[in-house]
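Consider the two complexes below, in which subunit A is the common component and subunit B and subunit C are the respective partners.
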Partner chain A sequence: MNNRLKVLRAERDWSQAHLAEQLGVSRQTINALETGRYDPSLPLAFKIAKLFALPIEAIFISD
Partner chain B sequence: MSDPKPYRAPGFRSFLAVMGLSLLLGLIMGLGSIFLQDTALGDAGAALVMASVGMVGIIAIVLLWWRRVDEAAREAHKWAWWWGGSPGMAVGGIGVMALINGDWADAWLAGFEPDALVALGVGFVLIVQILGYTLAWLWWWAVRR
Partner chain C sequence: MMTTSRDDPKARPIARFLTSLLLCAGAGGVVGAAFAIFGPELPAIDRLLDGDRMAWPDAVALFTAVMLTVGGLAMAAATLNKRWLGMSLGYRDPVRPREVTEMRLQCMVIALSGVLLAAPLVAETNGFGGPGAFIAIALGFAIHSALNWRIYRTSDELTRAMVRETGAMMFFFGGAPLFLYAGAERMGLVPTLSAWTLYSLVMAAYLVVVLIVAARRGALTPD
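And now, the complex of A and B:
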């Protein structure tokens, strides 16, 4: 699954560490998410969507 | 309502704390065994009691760690257990079978008491399992960097 996490983060000028802190995960997890090599759980996906005030399907794109 | 405390992934200090707690647990088990083996429990009873204490302690330490790590770290552990630990157990089992059925190690194994042979087999499987687990865990994170 692909996602727009890196773009959305860059638009807000947030660091990976800052985003990680906002979401309650580690920076390594943010990196794994951004590279598309780790798909988040549904609760984390909802948390990400809430943080960016976007629907989940606007952030995560199915292959 | 105040903001929740920012999340901080466990770092090297947390790792050292876990190792320290594990060492302390090992020390308690060792000293407890020495103390209890001279009681009515005997050697076997002391070993059983202290192994139970050790297991409860390890579960408590693992629970503490599990609550601290985030979902990706948990996924890495689960993945490593399945894809590293299980094959490791299989490979270790094959190694033990080779030791038992082959005659190439008979002279070496003849030097062990039966209980030491059991411990050797279990220990060997465990070491290979942990090795497989560690390699799988490293692989999981390496491809996600």
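And now, the complex of A and C:
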């Protein structure tokens, strides 16, 4: 699964640390998400969607 | 502001990976040389490394134990330089105090895993094979388990996913071969192995599996 997390974060000029803090996860998790090495759980995906005020399918794209 | 490749921690992942690899190889070389040079001088280590007495399961256990202990201590040492550690993890700024505390706890658990694995071997080889030594090892194991549980409870979902993934892979790399060997042993096709031999092999497999899982999730080469 691909995602637009890095682009969305850059658009808002947020650091990985800031995004991690907002989501209550580690920076390692943000890094793994952005590099496609980890797909988030459904609760975390919903949290990300809520934070960016976007539907989940606008952030996560199925292969 | 323009960012140069020198400033950008994501710009040279291969160089960073190779640097880490060289540092690990260097640390391994130093440990190996230290054992070769100073081992014979220390009676406890000399008895352990005596070629006539060291069975291959003990060699596997000792190697795994040294890898875990040195790896844990090396990572703990890396947390002393927050900027360098941040860069090695692919962050743009130094690691934060809470991240350092979490990493040090993980390093302590990894190093303690190695100490516990070597403990029965070192104790027995040096004449401390009694119940007292075993109780001390069991207490150490209880502390290790409590720390592991704390890490699992306080970490975020990536770490938990890695722990679950390691458990699943260990079913295939640890449980499945164990079942096949046990079946063959029961049928008299292969020689009987001791619990210590099997555990040493399982721990060696665990070390490999942990590294595979960490690499897959970007913990070794963040980008």
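Assume the second predicted complex is superposed on the first by the 63 of 63 C-alpha atoms of A that agree within 3 Å, B and C clash if a C-alpha of one lies under 4 Å from a C-alpha of the other, contacts with A are read in each partner's own complex, and residues count from 1 in each chain.
Keep in mind that, in the parts below, contacts are C-beta pairs under 8 Å (C-beta built on N, C-alpha and C of every residue); 3 or more make two chains touch, one makes a residue touch a chain.
Computed from a predicted structure; not experimentally measured.
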> Since both structures carry subunit A, what do subunit B and subunit C do when superposed there: clash or fit?
Replying inline: clash
>> If we overlay the two complexes on their shared chain A, which of subunit B and subunit C does A:24 touch? Say first, second, both or neither.
In response: both
>> I'd like to know which partner A:35 touches here: subunit B for first, subunit C for second, both or neither.
In response: both
> After superposition on the shared chain, which partner residues are touched by A:16: those of subunit B (first), subunit C (second), both, or neither?
Replying inline: second
> Which stretch of subunit C would you flag for clashing with subunit B, going by 24-32, 42-50, 78-86 or 150-158?
Replying inline: 150-158
> Across the two complexes, what residues of subunit A are contacted by subunit B and by subunit C?
Replying inline: 24-29, 31-32, 35, 37-38, 40-41, 44
>> Can you tell me which positions in subunit A touch subunit C when the two form their complex?
In response: 15-17, 24-29, 31-32, 35, 37-38, 40-41, 44
>> Taking the touch rule as given, give the residues of subunit A at its contact with subunit B in the complex, in rising order.
In response: 20-21, 23-29, 31-33, 35, 37-38, 40-41, 44
>> Applying the document's contact rule, which stretches of subunit C touch subunit A when the two form their complex?
In response: 89-93, 96, 99, 102, 155-159, 161, 216-219, 222-223
> Given the complex with subunit A, which residues does subunit B contribute to the contact?
Replying inline: 4, 6-7, 9, 69-73, 75, 141, 143-145
